Amino acid sequence: MSSAEAIIINVQHTHHLFDAFFATEQTRAIFSDQGTVQCMLDFEAALAQVEAGFSIIPLSAAETIAATCQVDRFDLGALANEAAEAGNLAIPLIRALTALVAHRDQDAARYVHWGATSQDVIDTGLMLQVRGALDLVESELTTLADACAEIAREYKMIPLAGRTWLQQATPTTFGLKVAGWLNALDSHRDRFRVLRAGALAIQFGGAVGTLASLDSHGLDVATALADRLGLALPDLPWHTQRDRVAEVATTFGLLVGTLGKIARDISLMMQTEIGEAFEPSAPGRGGSSTMPQKRNPVGCAITLAVAQRVPSLVATMLVSEIQEHERGLGGWHAEWETLPEICTLSAAALHQMAIVVKGLEVDRERMRANLDSTQGQIFAEAIAMTLAPHMGRQAALDRVKRACNQAVKKKQHLRDVLTEDTAVMAYLTVDDLDRLFAPENAVGLAVQLVDRALSRHATHI
Amino acid sequence: MSSAEAIIINVQHTHHLFDAFFATEQTRAIFSDQGTVQCMLDFEAALAQVEAGFSIIPLSAAETIAATCQVDRFDLGALANEAAEAGNLAIPLIRALTALVAHRDQDAARYVHWGATSQDVIDTGLMLQVRGALDLVESELTTLADACAEIAREYKMIPLAGRTWLQQATPTTFGLKVAGWLNALDSHRDRFRVLRAGALAIQFGGAVGTLASLDSHGLDVATALADRLGLALPDLPWHTQRDRVAEVATTFGLLVGTLGKIARDISLMMQTEIGEAFEPSAPGRGGSSTMPQKRNPVGCAITLAVAQRVPSLVATMLVSEIQEHERGLGGWHAEWETLPEICTLSAAALHQMAIVVKGLEVDRERMRANLDSTQGQIFAEAIAMTLAPHMGRQAALDRVKRACNQAVKKKQHLRDVLTEDTAVMAYLTVDDLDRLFAPENAVGLAVQLVDRALSRHATHI
Amino acid sequence: MSSAEAIIINVQHTHHLFDAFFATEQTRAIFSDQGTVQCMLDFEAALAQVEAGFSIIPLSAAETIAATCQVDRFDLGALANEAAEAGNLAIPLIRALTALVAHRDQDAARYVHWGATSQDVIDTGLMLQVRGALDLVESELTTLADACAEIAREYKMIPLAGRTWLQQATPTTFGLKVAGWLNALDSHRDRFRVLRAGALAIQFGGAVGTLASLDSHGLDVATALADRLGLALPDLPWHTQRDRVAEVATTFGLLVGTLGKIARDISLMMQTEIGEAFEPSAPGRGGSSTMPQKRNPVGCAITLAVAQRVPSLVATMLVSEIQEHERGLGGWHAEWETLPEICTLSAAALHQMAIVVKGLEVDRERMRANLDSTQGQIFAEAIAMTLAPHMGRQAALDRVKRACNQAVKKKQHLRDVLTEDTAVMAYLTVDDLDRLFAPENAVGLAVQLVDRALSRHATHI
Amino acid sequence: MSSAEAIIINVQHTHHLFDAFFATEQTRAIFSDQGTVQCMLDFEAALAQVEAGFSIIPLSAAETIAATCQVDRFDLGALANEAAEAGNLAIPLIRALTALVAHRDQDAARYVHWGATSQDVIDTGLMLQVRGALDLVESELTTLADACAEIAREYKMIPLAGRTWLQQATPTTFGLKVAGWLNALDSHRDRFRVLRAGALAIQFGGAVGTLASLDSHGLDVATALADRLGLALPDLPWHTQRDRVAEVATTFGLLVGTLGKIARDISLMMQTEIGEAFEPSAPGRGGSSTMPQKRNPVGCAITLAVAQRVPSLVATMLVSEIQEHERGLGGWHAEWETLPEICTLSAAALHQMAIVVKGLEVDRERMRANLDSTQGQIFAEAIAMTLAPHMGRQAALDRVKRACNQAVKKKQHLRDVLTEDTAVMAYLTVDDLDRLFAPENAVGLAVQLVDRALSRHATHI
């Protein structure tokens, strides 16, 4: 007992040095040693209770077993060491559980883990952990999407240089940029709903998935067990059909890509020379050990790191689907740390981006100044398209391109160069130029598009 | 023109040496140079026609443009070389299309690609290709699932050694093994349906996704364009929101893992020393250059190769979601060959496994002989579970384990060892032993589980 | 202090549940929180001492700093939390170190971390950790290679069915099979030597790699620092040139593939139906929670899991080489947990395979029985090659193939079928057949090849 | 024959649409169908000639075989189709070669492929291709490194804002930045030399690697064959020891990361708002389909795409090292397209960066303007370090940080703020400030460090 207490103190006070970067408190708790073992014990407790319900094991045994299924009664260090010898965590855990139960009731100890196999408890425990992670992630995803929606709404008409290939292209609005993030996030929310509906299921099949050791009761027990644990009953045991857990991985993987995109955008806007948007500042956040003026995009850095790490971990999960016969050799083991890592890293990145976007500091003046910095060149497409019906699309493009080159060479405003080009001015009035060089007129359907994104967002309750 | 014809001859007669391994004729056609360019031209034709419908461009121009949008009019070699200079394929294609249209109607040439950007045509073309690939894959997936269903039904009661960690564990049935494959395949069929419903959408946004060059018509054109091409209208342009294409990749990735699992199982069963199931033989298939007796599992080899290649390609697609601002630098380009490769490799593996499973040769006698080869040890769990209510679970397991060790040491049948153990025989009759050592009695709910898988399969029409 | 003690107790008694699978005690210690921080402190101590040597800082300050650089004085939990805010671990560590030094000597505190940047201490600390890991791995690699050499020597003439595509092909010897493992391992030993010579270098460049804050002393300090820490002096700081650390990753990645190959071979040989070689057994090792007769290849499972996980982590390290300007955003952070994970996983797999190969149980009788199980078919190539000079290579292959098919159909020994084939017997005597059907005669240059591998192995001292 | 000719026309005139992005002419030729088959035929020719030298086969047969080993005599389309049935390319190729030889000399046909196995010819052919790729890559790598050296030399004293986390940090020089690229490239050159020395070896072992079919001649033939082909003789056949080919992959993978780093740096410097360096412009290069003013970093985009694709392909090669027994099932097949893709993609990126760096357009004025744009904040570290000996390091950093914040708030130059701070000015003179705010004085040992990199570069001949 004292050893178990030591462990718990432990978890409260210490953790891996990089946990604060790459995990949140809550996901760390779910996938901690304690969380892992407790979810496995939840399976054992539920199994005993359900089996007692069908009179497969005595009710008193079930009660004793269930009462013993508390993680703080177990020596996790010992379990860890025995697990590697045994080949999985379930074997020593069940042995330890049996011993603890026997201490209270020698007879009850006979019925521990009745009819199940190691993988049943490990996989079902994992599913309970994943459910916990999905709860957190869906909630945080809503927070982030809401924060994006707010920015999209507020800035839907605020012009910003649209940039392609890292070059200024044509104007857009900051609201539309963020609406793009929002819309992708709402798609991910849909994906997580589909995932939750389909992937979360108990594992229950016995040694080779036939439920052989429960005789005819097998499916009844399985049904009641699923019901008790709040997980779905799968058509079949899925000991070596790993698409279910791999899909958890891919769903997180897809999300993390979008988070990386948002982080990349914000960190680029936060460059010293651009300065359009900034991560929120806080004392001690993003400083340098030697440069007093620095303010580093810490949340973006963490998120970009996650967005480079998770795809590889997803690949591991996919390769690991190749599992042999009725129990895999290596593939299953490869999942054990990988899936929790995917969930934990993703949640950390999501948490960081929620902080960053909620507190995002926007500098409208710099946005405008950057738009103006090319002396009208950002309007080149619009001008060419205005000339196109008169001159033909390609000819118009060529003409305007020449004007752009000249403006750069002579350090002139594009408008001034065009004004001197009689071939162009044959089709354009001064009013046309006023209109064409106003960013507000150059953002197309930005407002309507933002509204479409907001409207979809509103349908997610 | 003659050059274009040369190219077509080309495609019919030659291809990459490994194409027959790693592509099917049909997916190769879809993702061939011709297929790629034609899908892009389909976009340009539809765009012109839709814009004519809204009187944005003249009807006659649209007709000329649409009539010119045929791949065999283009010099693909020239396009390829210019593309790398320009940075994408759309730029030289539109230039070439404009020139060809101008040849027929100088005025119509003005309206080529009106209001669109390079990425609009490239991404929409890709979506048309993906749709084609999904058609093929869903059909082949049905073929494979049906073939599995047939085997599952036929062999649902045929005992087979269940194997965990590559060791014989307890008996299962061959039908249940294959029902596991079937059930995973049916889950993939569901995933492909969800994918088709959500992912296939046009790309249409102009330079930075604002539809700025189409004035107020933008959304109407987009709606009609989506309708004409049979793709969905997305809420927003998704130039740098790549979860949509990444999800195509992950869905294929999940499938390929299951195909690899099936191939691994079959190749293991086909080992010389096991010999339970065999890829269909055909003249010239699976021979050796030097060993006359060899019959190699070629379909499994290809499938396993695919199942090791695709996960990495999926990782590339996920990393590539990190795209900058309104057009990505590198991330977008990384998709171009990767997504087609994923679709093509997956389709090839699926095709191979459909051939293999449809023609699978099963040796029931070897299945039985292998079951018998351990002299009863495979029934150890069942015996222990029968003793468990009397002796307690752990004590029963320990007792039977001792008997197993003795049987191995003395090369005796487990039944004979147990019969001599009075502690065991206190709880078992000879009839019990007859029952316990019959494989048919040791397969638990195999039949019911197979029926559950078949019943779910039947709901897929 | 009491908190620091709590942490240490911690490490002794608890660790992650899967650590015993996926880490060794020693690598866990190196890459533990304590190990990480101590290596960073070793850098700070050495830096102060070196700078005192050049009179850049007072000697007494250096002594106080160096004396304070002991990990057990630091509250790692607090460091972890502050690190995530600050963006890296060095910032709070230096702050804490400065405070501890100030406690002893207010003046000395001024000189902590003099002239260095965060990444200098983090990267150099990492290099010290990697050096420790290389020491362990090179030693264990020698152990494993020696164990392989012993088997190769002992079994160099013991026939074994050579298997290609998981089918019996022609005979080889078990010694030659293991010599193949040995030879690859010796290549990895060469790679680790090259790595150690080239990759292990200090990081020392100051904020942007110019050594600006040390005036003209920069290179002298760097040289003395490298010398003191026993690391190489690089030509330049390598803050964003990450080929150095990526090469550590790829070198481990290459090794892990070979370990996976060995594990795959052993686990296949250990299959119930093949039974040629077995992981060593030990009480509690490789049992099942429900099947008393099971003996699972636990070491192979762990190794195969590692061999599926590490390649993806290597990919992350390679992608992370793309680091921006003078300090990366995300790429650097992605390395922090990934490189330690690669080292730790690899060391764990290596440790497992060393145990497995050292204790490998070999069953020569089963090797021979499996060779005989195909009734002579495994000699088909040799027979065909003997006939080839008389009949032509292709004709001989075809003839023998026909005989093989007939032997299978009629369940005859291949020798008996051939004896009845007059076209064949025109060129073969009974003595020829005796010779051709003796495995000892069918293993070609196995002995010489084993000797070549042993001879190379002997050159590694 | 006519079909073979058709194919050749083919390769000259057409190729995959994305080849110009992702391959160079020369690597495309090496890894083309023709290149692949010719290298295999080179093996067969050399084998026959060597065997004739030992009188294993008749000299006349060897001459006929060698004379027939020309790719244009083979129908590659037919080979491709048969290969997938047979399971590898060697089987149909040897069959076709045998037929062609028989056409000339019935007797000679008996001796085709004598004593070799499919994998011998495929792997050795691959090694010949890899050697060709290494020739190209090493040459291009020298070109790129030389171009970097030239820039490093020219700009070694030209100040540039050093940037960490995408924020201006302290000054560096453009020469030092490029020297960092150079130094990494020179390390890669070393790696390629090591690779060439160790990895390029023949494969020659016969069916299971025993050389059984060549009797005692095996090693002599192997030695002479290696000599004739200019490849090393390995200690043993390496049919399923794939560290050799995996190392080719990792060496390219490491290089590609550095190329990606260079491309990221250049593309960031080329941003509209930064404008410090530019890819060379050329007609048709980097334009937009709609935006006349655009100039896109095409070479960087391709390189970044490659740097995101290759790491995943390397992971595939590493996972594929796990090959079964004497011939792998799936792992070997997974290499076939993957390794060529790695070589080809890497060569393309290298080619692009050579073009970009050789033609890099540098804008010194923008470099200086960007340095000045923060009104002195970039010198904050230097000022703090000057104050540190007087005030203590942390106090100095805090004081200067406060000044920086005030300067930003009041839009003042940092110098002006500091001048008003009497606590600061107690330790600084106006001359000190002059010195501290001059970029030239703030670049530390940039010049010496550049010289170190140039000096190492000069040692590569």
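By letter and in written order, the chains are A, B, C and D; residue numbering begins at 1 in each of them.
The working rule: contacts are C-beta pairs under 8 Å (C-beta built on N, C-alpha and C of every residue); 3 or more make two chains touch, one makes a residue touch a chain.
It should be emphasised that the depicted structure is a prediction, and the values quoted were computed from it without experimental measurement.
S.K.: Consider the two chain pairs B-D and A-B; indicate the one with the greater count of contacting C-beta pairs.
M.R.: Comparing A-B with B-D, the pair joined by more C-beta contacts is A-B.
S.K.: Among B-C, A-D or A-B, which pair gives essentially the same interface as C-D, with more than half of the residue-number contact pairs in common?
M.R.: Copy of the C-D interface among the listed pairs: A-B.
S.K.: Report the inter-chain centroid distance for chain B and chain D in whole angstrom, where each centroid is the mean of the CA atoms.
M.R.: Chain centres of chain B and chain D, defined by C-alpha means, are spaced 31 Å apart.
S.K.: Averaged over CA atoms, how far is the centre of chain A from the centre of chain B? Could you give it in whole Å?
M.R.: 24
S.K.: Going by the contact rule already set, what residues in chain C reach two or more other chains?
M.R.: Within chain C, the residues that touch at least two other chains are 87, 113, 163-166, 169-170, 206-207, 213, 260, 263, 267-268, 286-288, 290-291, 296-297, 301, 304, 307-308, 312, 315-316, 319-320, 329, 381, 385.
S.K.: Can you tell me which positions in chain B touch chain A when the two form their complex?
M.R.: Those residues of chain B that touch chain A are 87, 95, 98, 109-115, 162-166, 169-173, 176-177, 179-181, 183-184, 187-188, 190-191, 194, 198, 206-216, 218-219, 234-238, 240-244, 246-247, 250-251, 253-258, 260-261, 263-265, 268, 304, 307-308, 310-312, 314-327, 329, 381-382, 385, 388-389, 391-394, 442-446, 448-449, 452-453, 456.
S.K.: Contact residues on chain C for chain B in the complex?
M.R.: Residues of chain C touching chain B: 161, 163-170, 267-268, 270-274, 286-288, 290-297, 301, 312, 315, 319, 370, 373-374, 377-378, 380-381, 384-385, 397-398, 400-401, 403-404, 414.
S.K.: Which residues, counting only chain B, touch chain D once they are in their complex?
M.R.: Per the touch definition, chain B meets chain D at residues 3, 6-7, 9-10, 13-22, 33, 36-37, 76-77, 79-91, 94, 113, 116-118, 206-207, 213, 260, 263, 267, 282, 284-291, 296-298, 300-309, 312-313, 315-316, 319-320, 329-334, 336-338.
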